[in-house]
Every structure is written in structure tokens, then in C-alpha cells.
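Across the two complexes that follow, subunit A remains constant while its partner is subunit B and subsequently subunit C.
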Partner chain A sequence: MLEGAELYFNVDHGYLEGLVRGCKAGLLTERDYVNLVQCETLEDLKIHLQTTDYGNFLANQTNPLTVSKIDTEMRKKLCSEFEYFRNHSLEPLSTFFTYMTCSYMIDNVILLMNGALQKKSVKEILVKCHPLGRFTEMEAVNIAETPSDLFNAVLIETPLAPFFQDCMSENILDELNIELLRNKLYKSYLEAFYKFCKNHGDVTAEIMCPILEFEADRRAFIITLNSFGTELSKEDRETLFPTCGKLHPEGLRLLAQAEDFEQMKRVAEHYGVYKPLFEAVGDGSGGKTLEDVFYEHEVQMNVLAFNRQFHYGVFYAYTKLKEQEMRNIVWIAECISQRHRTKINNYIPIL
Partner chain B sequence: MSGKDRIEIFPSRMAQTIMKARLKGAQTGRNLLKKKSDALTLRFRQILKKIIETKMLMGEVMREAAFSLAEAKFTAGDFSTTVIQNVNKAQVKIRAKKDNVAGVTLPVFEHYQEGTDSYELTGLARGGEQLAKLKRNYAKAVELLVELASLQSSSPGLNVPLPISSQSWMRESEKSSIG
Partner chain C sequence: MGSMFRSEEVALVQLFLPTAAAYTCVSQLGELGLVEFRDLNASVSAFQRRFVMDVRRCEELEKTFTFLQEEVWRAGLALSPPEGALPAPPPRDLLRIQEETDRLAQELRDVRGNQQTLRAQLHQLQLHEAVLGQGHCPPLVATDTDGSSERTPLLQDPRGPHQDLRVNFVAGAVEPHKAAALERLLWRACRGFLIASFRETEQPLQDPVTGEPATWMTFLISYWGEQIGQKILKITNCFHCHVFPFEEQEEARHAALQQLQQQSHELLEVLGETERFLSQVLGRVQRLLPPWQVQIHKMKAVYLALNQCSVSATHKCLIAEAWCAARDLPALQQALQDSSSEAGVSAVVHRIPCRDMPPTLVRTNRFTASFQGIVDAYGVGRYQEVNPAPYTVVTFPFLFAVMFGDVGHGLLMFLFALAMVLAENRPAVKAAQNEIWRTFFGGRYLLLLMGLFSVYTGFIYNECFSRATVIFRSGWNVSAMVDQSGWSDEFLAQHPLLTLDPNVSGVFRGPYPFGIDPVWSLAVNHLSFLNSFKMKMSVILGVTHMAFGVVLGVFNHLHFRQPYRLLLETLPELVFLLGLFGYLVFLVFYKWLCYTPASAASAPSILIHFINMFLFSQSPTNRPLFTGQELVQSALVVLALAMVPVLLLGTPLFLFRQHRRRSRKRPTGRQLDEDQTGLLDSSNASEAAWGSDEEKVGCPGPEEEAEFVPSEVFMHQAIHTIEFCLGCISNTASYLRLWALSLAHAQLSEVLWAMVMRTGLRMGNKIGVMAVVLVPIFAAFAVLTVAILLVMEGLSAFLHALRLHWVEFQNKFYSGTGYKLSPFSFAVEE
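Let's turn to the complex of A and B:
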């Protein structure tokens, strides 16, 4: 859209970019992780976290401290930061933020649909929804009897409506398996997000498009890997692959035909980016799994996003890095509380 | 020879024959009871040993299963609400069967699988491998639990006939030592 972003970016978004870079500086470093890994109890962990950017976030928690309390508090902190960014943003950054929240909204909608179909109370499900995926029509979900009613009455107002329309016509919503629905929605969401970034052009497209391409290809690989040995047919599998990645179209077609890990690896060898990733996978127990390797690559790409200025990718990268940090802390906390320290160093290092 | 156990008989040859037959019957009865008590004791000891072994194994398996839950959560995110929402029919069920040990019937539990895995596609996009490992670990834990329940429900079943048969055996041995 606007070439020469460095001339215009700071007018609308400079404050927020500065803020997010400050938050990024507060991410835990290697030294912090070494300290955390040496903790003996969760109380020690809490004391160590007080010296970092987390501060006294656990100060109001009653004893005993559990891993789920730590997780909830960290998520609350991330959400308040994200909401602050979102509330202060202007277009087109606010559309970008909306796209970011769509992935959480998809999970929440699936949860609500499931609950509504099983006549569970909406209040209990609302508590379990992801806070970043909150949308105003959430409480209205229980008025619908069938998924197609739900779509016509409630979901058509949300940003998710075009994704539902993409997937299918409404009467198929009733019979579709919930996991297939989730993955189809995610596919159309990813493709829409990719198109938005590409149309925006400039540095944002340069940073976000490779990240989103990797996300699309990663999903294709993981879906293929996890569908070996299940009832998912090859045609169904192919409909779940997002098409905005490097693998489209030949790689996706080859992946849809793959029947074991070796064939998948051969498909990956045609692409320079994915060949070293697959080679880094250890076999069986002890080595890294494919998912670990993908997580590491994603973290690398997100950290590199901060090397350029005047683009929206910093917000996306910060959120993803923060989530990975939360997962790391929860992993270390679980290893400590279960006294199972052999794999405690299997977190994904960020900085 | 204690006074109250004295049997009043008329001293005749027939009475002696009858008494000898009664003595033989009492001795056979006593031997059978001894065999029953021995078999029950043996079975009881076996069950206790198995209970101890299973409990130790249980500790290990539960620990492994809880850790694989943490691993799955690390890769796949929080899937607990999805799993709880989609519960309908049980996949692993238990049948109660009867086992006969020296005349005492003991209940034995046997587990069997029914139906397909309704969580086959959970974690399709993230963490499917870890979820599969998690399912296997917890299935092992459930099997062990069923075995442990089976053993623990048969041990009180043995507790009642065991002392009874040993008491009867002791009474019988008193009687036959007198006669």
C-alpha cells in the first residue's frame, strides 16, 4: 500500500511499536532459564520469577501454589498487555490484531458449539474459553439448537463468518466431525490472514508472509503425520492443508498421498528450508520430535522479526514468543512439581 | 482324656466297629479340611505378593502417565476442555467373573475394549504424537488398576473361609486325637 513505511509508520503506530519492543526486552533470557531449572520447589520458582519482568504476579495466590495457577496468572498478564495494544491501535493495525485473535476465537467457537449441542450450561464453558478469543456474541450461543441455527443467528456477526462460508454450505455443519471443522476453519483463516498481509505490502508483507507460509506448511506436515493410522481419508486430509505456503500445489499433493514418515521426509527434501529441519529430527525416544524442531524454527523466525522496523510483525512475533515462554515455564514447573527432572531441559530456548 | 468329651457306648463288638468307622470318617474329614486350609493359605499368600508387586508398579506407571500429560500439554496446548466436553461412552469396560479355589468362589475382574477411539482426531494439528503416547500410558495405568481391584476384592473373599476351615480343622484334630 504505502511504500516508504518509515515516513508514515510512526505517526499512527510508533508508540505501540516502542511499547512492544520494551515488552520484548523483558522476555526471559538463557540465564533466567538456568536459574529456573535449578529450583527445587514451586515456591523457589515464584521467587525467581519475581526478579524478572513478571514481578509479583503471583503475590495474591493462596497456598498451595499449583502449576495451573501459574499458567492462569501468566495468561492474564499476556491478555492485559495484548488488550492494551489492541485498544490503542489504529487501522490497519487494529484489523491485524483482529486477525491475530481469530485463531483463539475459532477454538472458543468450537468449544461453545460442542457445549451447546450437549446442552451444557454456557457459564461453565465461558470460563474455559481463551480470553484472547473473546467476542461479544459469546453468551448468545445457547439460543441455537443446531449448528446451522448457531451459524445463522450468532456467528454471522463475528469476524469468523467468511471462514465458515468458505468451508462449506450450512447444512453440512451438522454432520461434520468437530476436529475436521476446526482444522478447515483454521485453514481459511490462515489463507485470509496471508492475503491481508500480502495486500498490505511493504515491510509487513516481507516479515509476515514467510512466517505465515511456514505456519501453513507446518500444519500440512503435522496433519499428515498425525493422520497415519487413523480413519482420515486422503481426500479429507488434502482439504485440511492451507494453500498459502511453499508446499502449494505440488508438495501438498505429494503429502496427501504419503503413507509414512519416510515418504513425508522425501517430500520435504525438495524444499531447501525444510530439508535441514527433517534431518534434525531424532528417531524414537531421546531425540527431538518433528514438532520440537518446528517450534524452534518458529521461534527463530519470530526473533528475527524484531530486526526490522516499521512493520506489524513485531506484535505477532511478540505474542507468539510470549506464549512459547509461558509453555516453557509451565513445562519447567511441571517437571519440578512432579519431581521428574530428566527432561527438564527440553524447553525451547528463545533468546 | 477330658471328662466332657466322653462318649457313652455299650461295650460290644459292633459298637467297636462302628466307632472305628466313625474314627476313620473323622480322620478323612480332618485331612480334607487341612488340604482346603492349605490351598486357601497358599492362594492368599500369592494374592498378597501380587498386590504388593502391582502397587509398586502402579506408582511407577502413574508417575510416567502424569509426566506424559505434561509433555502433551507442552506441545499441544490445553486440550483438557475439549476432551472433557466430548465424553460419551466408555471405551474400556470391566467384566466380573468367578474363580473357584478349593470350593471358595472368588470374583475376578477382566477388562475389555469396546468401540472405537472417539478422540482419534484430537491433536490433529498439534501434538498428536504426544497425545497418542499419553493415551497408551493411561491405558496401561487403567489396566493395572483393574488388576489391583481384582486382587484386592478377592483377598477379603478369602479371609472368611480361611480361618473357618482352619478352626474346623483344629476342632477335628482334637476330636480325632481323643477317639
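Let's turn to the complex of A and C:
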């Protein structure tokens, strides 16, 4: 794209940008959260949500209301918004949207394969799949037995196909291999998305690259954390790290060698961005988990994305913020329904 | 009309509604639309209020209503709006309505479910038929498979393991948009161990859910081997295909097909029966639903209003606070008594003092509504402030007409508006939904007056479709001029332009009785004459209009008991405005009256005089208009300028002094003050006999007066002063738009006449040719007249008239910072 996107950005994407900014203004505010937390039952929660932008999205639900119903309906709402954006988008924004859906598609594929492994019925798992990552061939993944089978038969026509170049193998898909497959797919997906944004240039690159760098580093940290005490070798571990983050290359090499949380923390201390995050993690009982800290940082970055104009990052940021909001609502709803109010304030406020 | 001059007195009232009768009272108030409830529970969130359960039940019911409504719409039926008055049902009726609704919804759901399962079955059968039908003619597939199975053994080892392999079939149907993906996936997953043929169904089948016709793709897959078969089944499953048993023998297929046909016939009959029953149920819904919807809607509104009331624990009643027009108080009292008489305890209403600014209520009728709308669009007036609307009724159409002056155009507009006014009671006109039409229709009386005034100004300008009309005899006499000037034939031949000299006796016989003399339309200096006239006219109208605005401010000051502002604001403002621009107007009139044609050559320029007035100088070439002029002018300028500091400092200093004096008195005066207010309150209270403990809740009691911040008052007054003084100059100039627009309108219509009609009239000399040519020419003239001169020019003149009212007129006295009284009412907004 040429320099000076502001001159003609609005011709193609102005409508959608305006729309997404309007949608962003509909996110729940601090006041809403305060009210939600006070709710006694899910019915109260529903009444309160009706006064927000969610409107009467639960109006057609039969009683009794459950958390999963709320979750599904919220997802449906997000999905319909997203579909609307996507159907009205022009290139290269539509490619951007496709990239955004890819992460959900990867999750869905992995979910289905895991389900097939555990001999669960497809229908049961389909309910759990994220609606943003749905695609027609999705349900056919269980006919594949090896990654290359999967690629050749099922995924070759989907946007996921290019990410498969690194993980073509004839291994039988067992639980570990599926997990490896997920991480490899994710790695090449993130790298491809990063490259796309970088090549796009302009404000989009300035906004999206830091977000994706953070996403990559977060994955690296999480993979490291999850690989402690498993049979995953250190070399294998290093191959799973996405290489588009700030940690690349030294940090990733050090992370590959890390053996416990303390060592990981030491690696993070070399980076100004991650040091405060790791310091914020509470130890043991009470305090925040690493996951929450990462989420908070992500929310902050996404909110900041709205301070710039004429870029695609707002769409990404909006989707992520909405997801966070949904997680918050589900958390609050769970706390309410399980009468477990002590932790109800542990949601992540959206600034 | 009397109430138009300022908004009505609105009182804050407290309603004590006995719990038993609260519902009926509020619903009665909703029918009457008298009061606006204040939210006394603003701090309580929506789900913690008292009647939240009832609201929720209403919402549940509405949900069911939505379901019923959608079902009715889906069946292609319409719901007619209910007739007759439907009061909010008593609360006990809610249960009955709920039961009946639930029963109806359940019945409908059952029938609909039945219908859908039947349809789904039928759909399956039909698909199966279609699939088998496709199997009737599989020669292509058959030969292909035969051919390949014959050929394979030849290439590989003959009589090998393929010997006993049979070709198997999977047959089914899939939605068309998935067919291509399915085909590709099958091919990729099974690598050519199968042959699939896809074909569209011959006739579209009814979709079981939506009932819309859709074509499907049927497919027939032939394959080898068990594993492939399982894979194929998995794939077809994941595409949600319908797979049917497929007999290999032709006869068996035939038999199956016949059986299917018979089944679907039977099913069709059952389906018809179900649909008849369904339409019966829908008919019942159609009859019952609309009244219920209205009733429940009202009920919900009542509960929402009740949610705004606070509860008194001791009195077992609900306390509501509401704004109500003082005029409606007896009606309110009556309504409450009537509706609470059943409960034994009667509802009580009484006024309470309040410190908040009450809402503004101006009652309008269909004539004044559009004018009030113009004012309200700028800002709803402060409570009891002078309302500019009654003056706007006259000035708005007049200023519009000054810019739109043309008898013909005005007449067209008048007739259009008249047609709307005469047809206003017709239901078809009322029900029209077109937004543009509704705008015009809403302003029909405005248009009527605008047209009427335009006809008047058109006569003044003497223009009808840009042509002058000769009603009276012209004041100029050409023959007298010819007689006395001794123009020779040669002189006449050489000079196409001749001057009529009013100084020659007999040429000018005196002014034309009404408006502009038609002879001007022949003159070449027509335009400069009109310009001079219209410019002066706009300044005169403007200064008059603004001065009127300043004078209206007097009524505000008198009403709000601020007499000091008369002296410190209105007077300086008037002196400033009239001393400078009023004097200009005087000069214009003076010059008009005192200079005759004989002395016209030596007439001085007003413009130069006016400029010199500010410079305190005198130009030798410009003779004074009257003796002592310089003295008068200097005095006026000094007086006007002296008013600026008065305006700037007067009010703030007065308020400051008042504040100081009061604060010095405070220690002693306070007690007394409070005593007095206490007395006042109790006298108020005794009128309405209110309870003792609620009064503290209801009225916070007279608090300290708003803090006096000198800097703020000074700043505010400084802004006001600067705005007024500069505004006088710029606003006077702004009124010149009257001249500019009327000029533009006249010129545009002149051009249209010259370019279209005149060329048309010149085209042919024979009657026949003329007649033929003039039809399209006149059509073009008419269309352009309406489109450009009436609609476009009309809109622009409207806009400028609007601006002159909002900015130039209303900023002299109107603050427009109030808010409207929006009573709790069940009535549907027009």
C-alpha cells in the first residue's frame, strides 16, 4: 500500500471503521460491571444486560437460563457482527479478516481432532467450536489419520493450507502430536499474519505488529510454562516458538533452556515490556495468574489501538476486546450461578 | 392563544397513591396524559426496584406475543390495529391473559411442530424419490464403472483380489451450495476409488423449515471397498447429506419408488389437515393478539412508572412526584379520586415547592404547532420565558415573503398549502408515511401563510412570474415627455434609450398607488432602482425586528422580577441600537420625504453621512440633510458609546452590591428568613393537608441561594455585551440577505422567462406553429418554475428566514435552555 493511507482509506473502509468504532463504544463500562457484579441471579444479569448494547439478545431463550446459553448467544452476536464486517469488506481488509478467523479455525480443527481421538460424537464437539472459526469441511477432519492426510484431504482448500508447510508428517495423530500440530500451525499462522501486516505498512503495521509480537511472545511463554515436566524435548520446544516476537532470537533460545518458572522469569527480566508483567504475578494463593496479567496487557494494547485512525487494527482490537468482555461476563455469570462470590471481582476491566 | 405568550405554570406535585389503588390511578393518568413522573429511585438499579417482577412478567408475555406475531406474519397474514379504547387491564387480568397466551402459543407450537415434522418427512420422501428417479437412468455411470472394472484387471494382475469386489452405491441428496465442496473432498479423500454423479432435482422442493422452494442436488456414488465406503459415509455425514438406501435391482427400485409415492400422497393429505387446523389457530391469534398487545404494553408502562415512585413504610402508600400544569390540577385531582374510590382510601395530590426549574409546556393547536416547532428546533424555552412563537406566526412568513416576493409563485404555494389544509382530515393523507411528504404536511399552515404573504409582497414588487402587471394607471406619462422635449424623428431613430425627466411638468403625475410602478419594468435602470429600494427596506425591517426583540426582553425582566435589568440592560441596549441604527432608519425616511425630483440632483449620500458620523468628521462635498445634523450625530454616538460601559458593568455591580448587603445582614436576617419560609411552606401545606414525614423527603427545603461568584457574573456580562454591540452591526448587515435573496429570486425568474418563454413566443408567427411549439416550451417553463423557483428558491428563502429568526431576533431575548414537559401518556404519537 502506498504511503498516506488517510487520503483514501475512507473510500474503501471508512464505513466499516465508523461502524466498528460505534460498536466499541457499546462495550460494557466500569459502571456496567459494577452493576453486573451486584446481580443476585442470572435473571438479574439478563435484565441488566438488556439495558446495554446487548439488547434483548436473550429474549428468545427458554428458561432456565444457564451460563452456557448466555455464552452461546454472546458468541452468536459477536459472530453476526463479524460476519457483517466481513461481508462488507474490500481487499485487503477482507484478507485481514480471513487471517483473523484462522486462529479460531485452528482451535476448532484441533478440538475436533481431539474429540475424534476420544471417540466423542462430532455433534457434541461442534457445539463447543467457536462460531468464528467454522468452515464447511471442518467436520470431516476426523477422517484423517496423519497430518499430511489432513492437509491433502480436508484443509487444502481452506485458508489454513499455507500454514501446513512445516508440519507435514506421517506421524499418527495422538494427543501429543495434535498438540504439537496446534502449536506449529499457530506459529506459522502468527508469522504469516505478522508478515502480512508488516508488508501492508502504514498505521496498520504500526498498530498490529506490536500486538502480534506480544501474542507471539505470550505463546512462547505459555508453551514453555506448559512444557515443564512433560516429555517434550528442548529442541522440539524451540521449534514451536513463533519467531515474530520481541523475544526472537535470544530470548527464545534462553526460554528453550528454561527449566522452571523462576528461570522463565529471569528471561523475561531482560525485556522491559515483560518484566513488570512477571512482577505483577502473585505467587501461590491470591494475586493474579500469569494468564490474567497477559490478558490485561492485551486489553491495554487493544484499547490503545483505537487512538489511531485509518488502520485495520481496530477490527482486530474490537474482536479481542469483545472476547475479553464475553470472558468477563461468563466469569461473573459462573460466579453468580455457583454462588461463589468471593472471586467475582477477578474479571479483567476494559479501560 | 393566550397561553402562547409564555409557557404555562407547571407545578411539582406529590401524589400519595394508596397501594391498593396505585395501579388504577397511574393507568388513569396514562390515559389522560397529564403529568410527567420524576424518578425518585434514580440511585436504584433497574432490577432492584419494587415492581420489577411485574415488569418481568409483562416482558415474558411480550416475548410470547412476538412469537405469535412472527407466526402470523410468516403465514402471510396481517394483524389489524385494535379498535376502541383499551384501558390497561387490572393486574388480576394479567394472569388470565398469560394463561390464554401460553395456551395459544403452546397450541400453535404443537401444530407448527407437527407441520414441520410432516413437512420434513415429506421432504425426505421427495428427496428419496428424486434420488431413485436419478437411478432410473444411470447408464452413463453403469457403463463407466463396467468399463473401468473391466479395464483394471487387464493392467494389473488378472483375476486378482479385485475379482470378488463389487461396486457399491451410496445415494443421497445435498444442498446445492455444498455440492462442489463435497465432490472435491470425496475425490481428494478417496483418490479415485469412486465415481460420483451429481444432478439437480427436477422440481424445487419445499424447505421443511422456511417453506420456501429450493432445488437440491442428488448424488449417486459408486465405489469399491469397505474402507472407502466408511470414509464416504463419514464425509456425507459431515456435510449433512441425506443418504438413502439404494436398491441395485431396477425392479426393486421401481417398487420402492411406487411405495414412496403412495406414502407421500398419504402424507400430503395429513399435511393439508394440519394446515387447516393451523390456519384456524392463526385466525384466533389474529383476533386476540392486537388488543392484548396494547393492553400489556400499557400495563408495562404503568409498572415502569410505578417503579419511579418511592414507598412510604408508615402510610402503606406509594409516593410519586410529578410535574403537572397548574391548569390541569383539578382534572388530576378528579382523576385520582375517581380511580381510587374503589379502594376506600383516596389518593391525595398536593403541590410542593421546588427549586428545580420546571419543564416548559406550551399548548399548541394544529395552526400554531408548526410555528412553535420552528422555535423549539432552536431550543425549548426556559420556564415561563417569553415565547417568540406568536410573533413568529407573523414575522416568519413575512420575512420569507420579502425574499420570495412574486404573485404567481406565492399563489401556487398558497394553493398547494390550501389543498393540504382542506384535505387534512382525510385518512389517506394522514396515514401517508413518506417522510418528505410528512414534513410538508406538518408545515401546511406555515406554507399557507408564506404563500399568502408572498402574494402580498409580490404585489408590492409588482411581479407575477417576473412580469409586471398594470393594475392602476402608471404615474409616468411618456406622451407628455415627447410633447415637451421636442425630440425629432432623427433623434428618436438614433437613440434607442430615452430619459423621462420627472422635472418636466406632466411627466410624473405622482406616486403609483400601491407597490412599484409597472413602468419600471421597461426601464434600463430598473435594477439599480430596485436595489436601492430593497436595500433600504431590509435595513428598516431589520432594525425594527431587532428593536422588537429587545423590547420583548422587557417582559422577561418584569416577569422574573428583575427590574434592575430594565434600567441596566434593556435601556442601554435600546439606546445603543436605536441611537446608531435607528438613526440610520430615520435618515432613510427623512431623505425619502424631504427630497423632491427637483432637489434630487443635490441630494446628499446617507452612506457618507453615516460613516462620517462615526469619524466625527464632515465631508465638504456632502451637504448636511438638516441643520444641526452634526451636533445630533455626535450626541448620538457619544450616547451610544456611553451605554457600553453601563451595559458591561451595570448588572454585575448591582448584583455584587446586593450580595454584599445581604451577607452583612445575614447574621440577623437569617432567622427571620427561615421563619418566613417556614410559614410559607406550612400555609402551602395546609391547603393540601399533607403528611408530616414525607415533606422532608419531598422538598429539600429552601437551600442557600446559589453562590455568588463575581468573576463569573462579570465574565458572563462581558460576553453578553460584546456579543450585543458587535451583533448590532453584524446583524443589521445580516438583514441585507433579505435584499440579496429577493434580488436573486427576481432575477432568476426574469432569466427563466427570457430564456424559455420569450424564445418560445418568438418562434413562429403562424398560430398553428405557435400552438405546437408552445406546448413543450410551456411544459419546460412550468417544470423549471416549480423545481427551481418554488422548491429550491423556496427552501433557500425558508432557510434564511429561519436564520434571521433564530440568530438575529431570538438572541436579543430568548435563552432557550429549558426542557419540554413530556407527560406520561398512552396516546400514540402522531
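The rule is short, and it goes like this: the second predicted complex is superposed on the first by the 310 of 351 C-alpha atoms of A that agree within 3 Å, B and C clash if a C-alpha of one lies under 4 Å from a C-alpha of the other, contacts with A are read in each partner's own complex, and residues count from 1 in each chain.
Basically, a contact is a pair of C-beta atoms (placed from the backbone, for glycine too) under 8 Å apart; a residue touches a chain by one contact, two chains touch by 3 or more.
Remember, predicted model here, so these are calculated numbers, not experimental data.
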item	value
Touching partner for A:E139 - first (subunit B), second (subunit C), both, neither	second
Partner chain in contact with A:G115 - subunit B first, subunit C second, else both or neither	first
Partner chain in contact with A:E250 - subunit B first, subunit C second, else both or neither	neither
Contacts of A:E30 with subunit B and subunit C, given as first, second, both or neither	neither
First (subunit B), second (subunit C), both or neither touched by A:E269	neither
Partner chain in contact with A:T51 - subunit B first, subunit C second, else both or neither	second
Partner chain(s) touched by A:E157 [first = subunit B, second = subunit C, both, neither]	second
Which of subunit B and subunit C A:E231 touches, first, second, both or neither	first
Dominant toucher of subunit A (residue count), subunit B or subunit C	B
Common ground on subunit A, meaning residues reached by subunit C in one complex and by subunit B in the other	none
Contact footprint of subunit A on subunit B as seen in their complex	63, 66-67, 70-71, 73-75, 77, 81-82, 85-86, 120-130
Footprint of subunit A on subunit C - complex, ascending	45-47, 52, 56, 63, 66-67, 178, 181, 184-185, 188-189, 231, 234-235, 237-239
Of all residues in subunit A, those that touch subunit B in their complex	110-111, 114-115, 118, 120, 125, 128, 177-180, 182-183, 186, 219, 222-223, 225-227, 230-232, 240, 289-292, 295, 327, 330-331, 334-335, 338, 340, 343, 346
Residue ranges of subunit A touching subunit C (in the complex, touch as defined)	35, 38-39, 43-44, 47-48, 51, 59-60, 122, 136-140, 142-143, 152-154, 156-157
